[in-house]
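Listed below are the structures to be examined.
Both complexes shown next keep chain A, but they swap its partner, so chain B is in the first and chain C is in the second.
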Partner chain A sequence: MSGLRRALWGVALAAVIAGAAASALVLSSDHTDYAGLGIVIGLVIMASFIGTGLFAWWRRPSNRFGALMTAVGFTFLLSALTASDNSVVFTAGVILSGVYLVVFAHMVLAYPDGRLERRWHAWLLGVGYFLTLFGMVPQLLWGFKEDMQCDGCPESALLVGSNDTLRNVLDAATSLLGIGVVAVVLFILLRRWARATSPQRRALAPVLWSGVVMLVLLASQLGSGAIGSSRLTDALGVAGLIVFASVPWVFLISLVRSRVVRAGAVSELLLALGEAPGTGTLRCRLAEALGDSSLDLVFWLEDKRKWVDYEGHVVELPREGDPVRAWTEVVLEDRRVGAILHDVTLREEPELLRSVAAAAGLAMENERLQAQLRARVEELRTSRARIVEAGTQERRRLERNLHDGAQQRLVALSLTLRLAQGKLRQDPDKADELINGAQEELTLALGELRELARGIHPAILSDRGLGAALEALAGRAPIAVQLAELPERPLPEAIEAAAYFVVAEALTNVVKYAHASQATVSVSQVNGHAVVEIADDGIGGADPGRGSGLRGLADRVSALDGNMQLDSPAGAGTRLRAEIPV
Partner chain B sequence: MTDTATLRVVIADDSVLLREGLSRLLEESGFEVAGQAGDADDLLRKVGAHKPDVAVVDVRMPPTHTDEGLRAAHRIRADHPDTAVLVLSQYVEEAYALELLSESTERTGYLLKDRVADVDTFTDAVRRVAGGGSALDPEVVALLLGRRRREDPLEALTSREREVLGLMAEGRSNAAIAEALVVTERAVEKHVTSIFSKLDLTPTVEDHRRVLAVLAYLRA
Partner chain C sequence: MDDHPSFRATARVLLEAEGFDVVGEAADGASALTEAGRLQPEVVLLDVQLPDIDGFDVAARLTGNDNGPVVILVSSRDSSDFGPLVTRSGARGFVPKAELSGDRLQELL
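So, the complex of A and B:
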């Protein structure tokens, strides 16, 4: 037997002993009418609270609601102390007899997860405890009011004399304050109801509404007590007691009912999915089965390691601890397929979530494939836009380079030649000097044009293929670049070009940022893919979002249906890997 | 065939402007332009017909505008061993140069096209290949020398030795190197011996063999 179960059995045993002791006390009382009836009613109420509380405690040990419910049962028992013939015990019983009401309010406020929502709720309950503990003290000090007097009850142990006015004033004050506290609790509960989502309401309903009714009755009772209508007070007391006694049963019934209903929902879901697998209504069916209209589905793309929605847009999942939303993973054959996004209250029913998620696996896999397709289309659309944009930018850059470089030099050259022509007769030496200058300028312009042309598309790539082009690239790099592996057979032109530019850009980045002394380049053919890998021995920590260069390359690679990964742990070099299907 | 005799040249380039310019420049420098060609086939035909001393060939020519000139150069070297070939390229592409010079450096050259503007360098290169030697563009040589190697024995060379190595790779003779560096031929010889021992190469006296060894070393 686990520690928890042992402890719960201990509590149950304590309840039996306490119940027996209370019964004995009532039976031995010489001022209690209908002792038998009182004992039966009291024990039934106590047992139903403690029994239900322990059951809830056992099923959800982490949820304090069960413990609170058990505590209501125990504190309810304290009122039996008023049956004592001993003055001190009787007095204590009078003081403690209202405590269970505050514990009850605590329980209702903490429903369903066993925690109070706000700190000030605890303060509110503190005020409640104060009022119940001291509410009877004026009467204990200065004598009971007429309607509270009982024949044969022992005298209050606190009695100091008689002061009706002071007693009545204080009594009315505590009653009013009590009504105030009850009103605030009611306000909290009603507001909670108003704000709840439909699955939350379903979970809240049984306890919240019986709590509300009970508290309304209590407030009325306090109010009628304050105005001194004893018959109304009694009637309300009886009604309150009945509602109070019903709370654990309502809770228990709703628990059982939801279980039955949900079990039915899951089997209905299985049937529905069997009839029409993979239809777009999967979301609706799951929403129905879980009773959560806000439910949504997201799909897992293993290659991108991202979640996407139906449209293929990347989505973020709610974080652990999100107060409203939660998600449950859907797995098919040990593979993550997607997730159900749902209201956080559904966490209260993990078995249900598990069975629904299990039932959804296959249908969800079908929808995942569609979402994957849409994600690819979406990605292609954006990367195509980026490629077009990159093309435009590249043309702009070329135009600028031509304009600022070669073109300017040629204009200057034309001027210089014109000048030289003018000097040719009068000052041949000067003319010679000018022409020499023009020659130098021309050499620079030619060099710039050559570099520009090489950057656009190196001729060697189309003439001699990837291997030769990469060798040329490696030869020009200011760090040692080793070509570890090259494909034996030529690859299609577009792939060779992409591979070349991936290596070129990667080496540029290595030189610029990596502080590397050497780099290794390999291009191989693995499983129908051209795999391009560039590794360096630099400082690592490269940011994949850095610069437009890598982004542009990723687009270029993805335009060929490939993908690119950057692995750059700080201090351990950088490895860029592109895979392009051949 | 000697330096004093008029050297006969065939020019191949798809740009008429450049062809005419080259032709005029060569004629002014004392060469005889035996023919001009606009593409590789035309070039091969004219080389066959005129048997020139040198063919000056552009790498890029119709129809594909890739490396027709290089392939034509190989054909000429194979079919007409007496005709030297000087390839002009728009690109500083060591792969092309080394491809051209890998089997034999005799009567073969690779120059950057811009080089034609430097008349002396250009005509010197034409004469050198016509005379049985080789010519490799200084920029290509610089690229080869500048390559980063993991354990670079070139780092053991003095800067003067690197200069000498570069000039050797360009295809220059000891006398030409001495003239370029303004030192005695004897000093150049000493540098060459030192370089060969540092790079662990077998010494050789013949110029074109020496170039071959140096290039083979540099491309490795």
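So, the complex of A and C:
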């Protein structure tokens, strides 16, 4: 038997002993009417609180709600002390007889997770304890009010004399304060209800509403006591007792009912999924089975290591400790396929979540494939837009370069030549000097045009293929570039162009950022894919998001249905790899 | 040999002015090969980019036999655009079109 179970049995045994002691006390009392009836009612109430409390405690040891419910049962028993014929015990009984009401309020406030939501709730309960402990003290000091008199009760151990006015004033004051405390507790409960999501409401309902009714009755009782209407007080007291006694049963019934209902929902879910797997209604079916209309599904894309929704948009999952949302992983054959996003209260039912998640696996895999497709379409859509944008920008850049570079030089050249022509006869030396200048200007213009043309599309690539183009590229690079491998057969033109520009951009980056002394380039054909790899011996730590150049390349590669990966651990060189299906 | 008539005309004027005897011209790779066979020139100026066979292949074929002509490749591009292709083609050298002159050719011959 586990430690917890042994301890709980110990508590149960203590409850039996306490119940027996209380019964003996009541039976031996010479001032208690209907002792038998009182004992039966008291024991039933006590036993239902302690029994239900222990059950809840055993089921969810980390949740203090069970302990609180058990405590209500024990403190309820304290009122039996008023049956004592001993003056001191009787007085203690009168003082302690209201404590269970505050413990009850504590339990309702701490429902369902056993913790108080706010620090000031504990202060509020502290005020409640103070009022119940000292609420009867004025009557114990200056004599009971008429409606509280009892024949044969022992005298108060605290009695100091008779002062009806002071007693009544203090009594009314504590009653009003008590009503205030109850009102605040009610306010907290009702606000919590108003703010709760529908699965939270379902969890709150049984205890919260019986607690509300109980507290309303208590407040009315305190109020009627303050105005001195004894018949109303008695009637409300009986009603309160009935509601109070019902709380553990309501809790228990709702617990059992939800288990039965949920078990049914899971088997219905299994049936429904078996009939029509992979239809778009999976979300609705799961929402129904878990009773959470806010439920949502996300899918796992292994290749991107990202979560996406139905539309294929990337989504973030709620973090651990999120007060509202939580998620449960869905696994199919040891492979993660997705997750169920749900209300955090469903965590209270881990078995249910597990069985629903297990049932959803196959259907979820079907929907995951669709989401993956949508993610792909979405990616292509955005990369297409970026390619168009990049094309426009490229043209703008070309226009600017042509205009600022070669065109300006040619304009200057035209002026210089005209000038030289004018000087040709009178001043041949000057003309010669001018023509020399023109020659230099022309060389620069030609150099710029060459550079520009090469950037648009290297002629050697279309004339001589990728191998020759890469050799030329390697030859021009300011660091040692080794061509480790080249494809034996020519690749389709678009792929060769993409491969060429991947290498060109990668080498530019290597030279600019990597502090490398050499780089290795290889282009191979593996499993129907052209694999382009550029590795350097530089400092590593390259940021994949850096520069529009790399982004543009990734788009170019992805337009050919390929993908690009950058591996750049700090201090260990950089490796860029592009795979393009041939 | 060049597919641009304007460059052919300029080159002819330039070379004849500097004492070269220009025996023939061709506008594409195929006619370059037949003309070279017919005229047996000592030197062939060959553009890299021709409409049919490219300059490197034409150069390789022209220099394939022992008594072939000396081939000098010309292009409006820079030799770095072509990597090691120039040396592999069998050509004697490379001159960018803008730098073409009798002196430059003499250096290579």
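The criterion applied here is as follows: the second predicted complex is superposed on the first by the 567 of 582 C-alpha atoms of A that agree within 3 Å, B and C clash if a C-alpha of one lies under 4 Å from a C-alpha of the other, contacts with A are read in each partner's own complex, and residues count from 1 in each chain.
Please note the rule applied: a contact is a pair of C-beta atoms (placed from the backbone, for glycine too) under 8 Å apart; a residue touches a chain by one contact, two chains touch by 3 or more.
As the structure is a prediction and not an experimental result, all values here were calculated from the model.
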Let me test your reading of the model: by the given contact rule, A:484 touches which partner, first (chain B), second (chain C), both or neither?
neither
Looking at A:398, would you say it contacts chain B, chain C, both, or neither? Reply first, second, both or neither.
neither
Touch check for A:462: first (chain B), second (chain C), both, or neither?
first
Which superposed partner A:373 touches (first chain B, second chain C, both, neither)
neither
Is A:17 touching the first partner chain B, the second partner chain C, both, or neither of them?
neither
Of chain B and chain C, which one touches more of chain A's residues?
B
Applying the document's definition of touch, where does A:271 land relative to chain B and chain C: first, second, both, or neither?
neither
Name the contact category of A:518: first (chain B only), second (chain C only), both, or neither.
first
Overlap of the chain B and chain C footprints on chain A, residue-wise?
442-443, 446-447, 450, 453-454, 458-460, 463-464, 468, 471-472, 475-476
Taking the complex as given, what residues does chain A use to touch chain B?
439, 442-443, 446-447, 450, 453-454, 458-460, 462-464, 468, 471-472, 475-482, 518
Could you pull out which chain B residues touch chain A in their complex?
60, 66-67, 90-96, 114, 117, 143-144, 147-150
Going by the contact rule at the top, pick out the chain A residues touching chain C in the complex.
442-443, 446-447, 450, 453-454, 458-460, 463-464, 468, 471-476
In their complex, what parts of chain C are in touch with chain A?
49, 54, 56, 76-78, 80-85, 96, 98
